[in-house]
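Right after this note come the structures.
Two complexes, one shared chain (chain A), two partners (chain B, chain C).
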Partner chain A sequence: MSAVPQTVAIESNPRRRSYAGGALAFARREFRDAMSSRWFLLYTMAFSALAVAVSFMSLSGAGSQGFAGFGRTTAGLLNLIMLIVPLMALIAGAGTIAGERERGTLLYLLAQPVSRTQVILGKYLGLALALVCSLCIGFGVSAGALAWRAGGVGLGSYATLVGMTCALALAMLAVGTLVSAMSRRTGVATGVALFVWLALVFLSDLGLMAGSILFKLRVQEVFGLGALNPLQAFKMSVIVSMNASLDVLGPAGVYASQAFGEGLPWLLGSVIGAWTIVPLAVAVGAFARRGSV
Partner chain B sequence: MIRAEGITKRFGRVAAVRDVSFELAKGGSMALWGSNGAGKTTLIRCLLGVMRFQGAAAIGGVDVRRCGRTARSLVGYVPQELAFHDDARLGASMMFFAGLRRAGAGAAAASLEMVGLRGHEHKRVRDLSGGMKQRLALAIAMLSDPPVIVLDEPTSNLDAAGRGEIVEALRGLRKKGKTLLFASHRPDEVIGLADQVLVMERGAVERRTTPAELWPSAKGVQVVRLHLAMATEQAAAQALREAGHAVHLNGHGLCVAVARDRKAAPIHALARANIEVRDLEVLEDVTMPEAES
Partner chain C sequence: MRAILAIVISGGLALVAGAAPRAVSELAALIDAAPAGTTVVVPPGEYHGRLRIDKPIVLDGEGRATIDGGGEGDVIEIACAGVTVRGLRIRGTGKDVSSEPAAIRALAGETTIEDNQIDDALFGVDLREAPNSVVRRNTIRGKDLEPGRRGDGVRLWWSHGCVVEDNRVDRTRDLVFWYSEDLTVARNHVTGSRYGLHFMYSHSTEIVGNELTGNSVGVYLMYSNRIRLTGNVMTNNRGASGYGIGLKDCDDITLEGNALLANRVGLYIDNSPSSVDSAGVIVRNLIAFNEIGFLATPNTHDNRISGNAFVENEEQAATNGRGDLARNTFSADGAGNFWSDYAGFDLDGDGRGDLAYEPRSLFSSLMATQPNLRLFVHSPAQQAVEFTARALPELRPSPMFTDPAPLARRPALDLPTGTSERSAWPMATLGAALVGGAAMVCLALTRDGRLHVGERRIA
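== the complex of A and B ==
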């Protein structure tokens, strides 16, 4: 081992450290790690393959060509997105802090001149970017297939679908990050994330149906409770954005169209936004207040 | 440079650290000595501000609890075992931590040069030996040339050659005027690096002393493991401490570091306390390093 060097850089004023710089360092590393990980490859391939399959089936089943087939394709993709994307995002988020904690790397990271808020926000940003990349690849492949088979894609509608799917992914990633921040082990965090996914995808619908029968809920209450589920908010947002009527959703849809009119996309967008901001804020608070590593 | 006032850390009903107070001046070096579970690691984590605790701690005059990020920027931390992403490459890892510590590529290269890891940047962390990982941790700790180095049993997983390299590097840092706080079970490290020793047992400071007081003989130190009835180990450790011996109780028995010509002294001390010694073995014949003045 050589002698101690004389040329090591000296930080003259530690207070001048950039707060965003620390978070971005974590984001960069998280993004790089995610892009080179097996889960990223697996999810991207699975999502791309399913998106292409759904697109082809939608078009061939209707026997239609051109932009007219895109509405049906979007409807098919919508159901796929509501199943796959929350699962991807919740599982990715669940591993982020709990994984570091389980590997014993979290202590070492926290011993650096960074705050817990920087760590969790940086990791969220990195994963969010990786998820968006994964989804864009999947949608890109699907759009390519659509363009080849149907001769084109309604770019505006498709872009809206991609954007809203990314928003849903960010919301579910925030929920997964919250679960991770409060779990000691990755296995526990993944289990809780799977339960959340199950609850949002299946149980909430069943609960709403049962509740509306048992408690004789009014239509506005059914809509309100349904819209609280980010997946339902996402579904309604996409339907509204395609200039389709929410009548397909029954009386609750009719009520929503009449009661909120032009403001409905903003309301539904706010629900998804709240599902991003609130869990993330709670995750940051819970992680910052932890008494130990 | 380091000030601790009444630090207490509880895990439920168990107090891992109880009312620990000490001060370490700039350029000083203090060893934390004690059995496994004595609270050394927890104390270090409290001082780094990665754990909540009662009491007060400051590094370089910066309150660890209020300004943890700034306080940690003054500290380079070397854990017992480098916990880092195994898939990451050494160079990338170094640059990640350089980003966190606001050090440039030049500082990263200089740090790697200092610990003899220059040229290994392409290697993955999982391919590094224990000694190389420890040297990497030391290089990361030195990235921004912090005035304080905190080490948690930095050589416990290393062979003799690896230990020698780390101790040599730390002696170099001491000569540069760095303040050192380290936990260790090895008399040679304590004698070679520390000018003060904080003896801890069951979370509390038992006494503050010097290596010369703990091992007054100039003829070298031998680590002796005493074989006792399991039920008498705690009482034996207490009796030996009261007799002024440096005791280390771990899962494998009761180890005492004694002067080479005083190996019978612990047996006599235990005989006076009516504790039977079944057998003894000399674990290590520690070569006495030149004590730091």
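== the complex of A and C ==
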């Protein structure tokens, strides 16, 4: 697969290309590279298989009452998504700049008539598209399994779940890209990305749990600090879309529902949006400064 | 020719008369003229105003007459015993909660209220000291008000021996029963309300085959004793309280063959039974897909919980506060309950697990005393805490209760069917669209071999 002929096709008329067009060319290149790499295929297959398995397990025994526990399926999928998707996106992002720096190909890219911002944004866009495709395939297969076993229960919630998961992937990809833009070697970038993953998935929540007990934090503090974590914001927005309320998350959830009401999904969405835009902006700045070194 | 013209004109007049609203006083005159005990058929049409019935008659709209109260006070008031109101469309009560305006208010017993369609009503049917009455096959829909300002769909006040059955109620406050005994409450369907069925100090009642969906609480029994709940379905009751069934200070309750599905809490028990010599019986229910299957205050005791299926509740059983449920019995005659998360085995094949079911989740016990931690359910961090507790046994809490003989297989419960199945096609279409869309993007972006800038990599 990797033995593709290494064609060199220089742009015929570079001056004609618009700013966005230049970035899109890089996006397309990045997308094709992702498609032809094995890790991508592996992630897609693993995510699909796990999603289908979780759906089946969650639905086992649900059929006899003509009632399918979609909430339970979502709960199972939520855990899976919060583990796998950030890992996928962070690792994919971490490889994008640092890998080409290490191989020396970045010099060649920067010699093209495009700006550094175009290069990094294009790369981000291509990877983002590849990730979204990968997730959509996994969710699509899982939706097929759900339709087969459970009928059309919770269609709207499922669509929201897909959308929010893509948003989470984009945010984590932005963080991964930032790590990559600041690293010289892929190994370092991957290591840092893994640590970020560990911190977001486990350490911050466990720390906040301990802090909540030790310092007797009030509900608004627990909710505020918890919602800063993009993974928790993702989880809460999925639950809000399913239940129209966060009451299943106890006092902190009830507080959030009452304090923010209709604005809660927007608040949580903006947390995830901020986790996308801020790292990406910093990455663009860092890449513009460092370039190929 | 002239005869035909006359018929056409009179027919047209009749149509006009039928369409234009008439005054309720026309109806009152008909009732005045009718002898007691006879049936008054209401001529089809729409009547405006408020009606008071003080003679034992049958008032029958045959589904073609409407009475509109005009948004003031009660619409129909029944002031003597033995009245039947049937087949009317009734709408437009007042909306001031403090004066409790109702579509039909009965102030005397032996009243029958059936086959009416009630809309835009603060209170639907209000029986005040109206014993031995029947409320049957009515459709009741509340006003578009926030829950705190709504009235009750059906309210019984000091009305013993009544039957409330086959009503469909949407968007009201409660179907509430105050100080009323020996009732039959069957096959009602309540949606979008606060408490589906709400019992206050109302004893000795059968609650059978009701369907309570999307309310804040399905059935809430308070200070009410000797009640049997059988074959009811409670689905998706969430919100502020969010219980399928809630019991507060109730003695001698029997819950048998109910389905409690996808509520925030399936069964909530607050200090029931409360008397020393009484017991609660909770048998052969299906408690599934709730956030918490069975939640109880830590002082709860003397419930016999056996033959139930606890299936895939996020938390199967929990207490709200420090304490356990050990003073309840989780088996009868050597048979316990089915727990979908039971990790034991049944080597001797007698249908009972060989190890006791003893829930001892560290995260659950943490949440019981630190409710704020519930924010972290459904997340890998929660799994990490549970994993730690399994790896380090000294961290494991003592069991919340013991089911000595958990059922190895899910019992075949004779339960009513719940929510009807929906078509699988939209979900299948969504799946196909996701896969197809992704595949098309992949194809479109990788189809032609030309790269516009650069190359893949330098060899």
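Worth a mention:
The definition used in the following text is that the second predicted complex is superposed on the first by the 262 of 293 C-alpha atoms of A that agree within 3 Å, B and C clash if a C-alpha of one lies under 4 Å from a C-alpha of the other, contacts with A are read in each partner's own complex, and residues count from 1 in each chain.
In this text, contacts are C-beta pairs under 8 Å (C-beta built on N, C-alpha and C of every residue); 3 or more make two chains touch, one makes a residue touch a chain.
It should be emphasised that the depicted structure is a prediction, and the values quoted were computed from it without experimental measurement.
Once the two complexes are laid over each other on the shared chain, residue contacts for A:Gln112 go to chain B and to chain C alike. Once chain A of one complex is fitted onto chain A of the other, the partner contacts of A:Met209 are limited to chain C, with no touch recorded for chain B.
When the shared chain is aligned, chain C comes close enough to touch A:Ala143, but chain B does not.
By the document's definition of touching, of the two partners only chain B reaches A:Val293; chain C does not. With both structures placed on the common chain, the touch criterion links A:Val222 to chain C but leaves chain B unconnected.
In the superposition on chain A, contact of A:Leu129 is made with chain C only, not with chain B.
Looking at the shared chain after the overlay, A:Arg103 reaches both chain B and chain C.
Looking at the shared chain after the overlay, A:Arg29 reaches both chain B and chain C. Contact with chain C, but none with chain B, is seen for A:Asp247 once the two complexes are overlaid on the shared chain.
Contact comparison for chain A: of chain B and chain C, C touches the greater number of residues. Shared contact residues of chain A, touching chain B in one structure and chain C in the other: 4, 7-9, 11, 22, 25, 28-29, 32-33, 103-105, 108, 112, 114. Contact residues on chain A toward chain B in their complex (touch as defined above): 1-5, 7-11, 14-15, 17-18, 21-22, 25, 28-29, 32-33, 36, 103-105, 107-108, 110-115, 290-293.
Across the interface of their complex, chain A is touched by residues 235, 238-240, 242, 259, 261-262, 264, 286, 288-289, 291, 311-312, 314, 340, 366-367, 370-381, 383-385, 410, 415, 417-428, 430-439, 441-442, 445-446, 449-459 of chain C. Note for the complex: chain B touches chain A at residues 11, 45, 48, 50-52, 68-70, 72-75, 77, 79, 81-85, 87-88, 92, 96-97, 99-104, 106-107, 110-111, 113-116, 135, 142-145, 165, 168-169, 172-173, 175-176.
Residues of chain A that touch chain C in their complex: 4, 6-9, 11, 22, 25-26, 28-29, 31-33, 35, 58, 61-62, 65-67, 69, 71-72, 75, 78-79, 82-83, 103-105, 108-109, 112, 114, 129, 132-134, 136-137, 139-144, 146-148, 150-153, 155, 158-159, 162, 201-202, 205-206, 208-209, 212-213, 217, 219, 222-223, 226, 231-232, 235, 239, 243, 245, 247-254.
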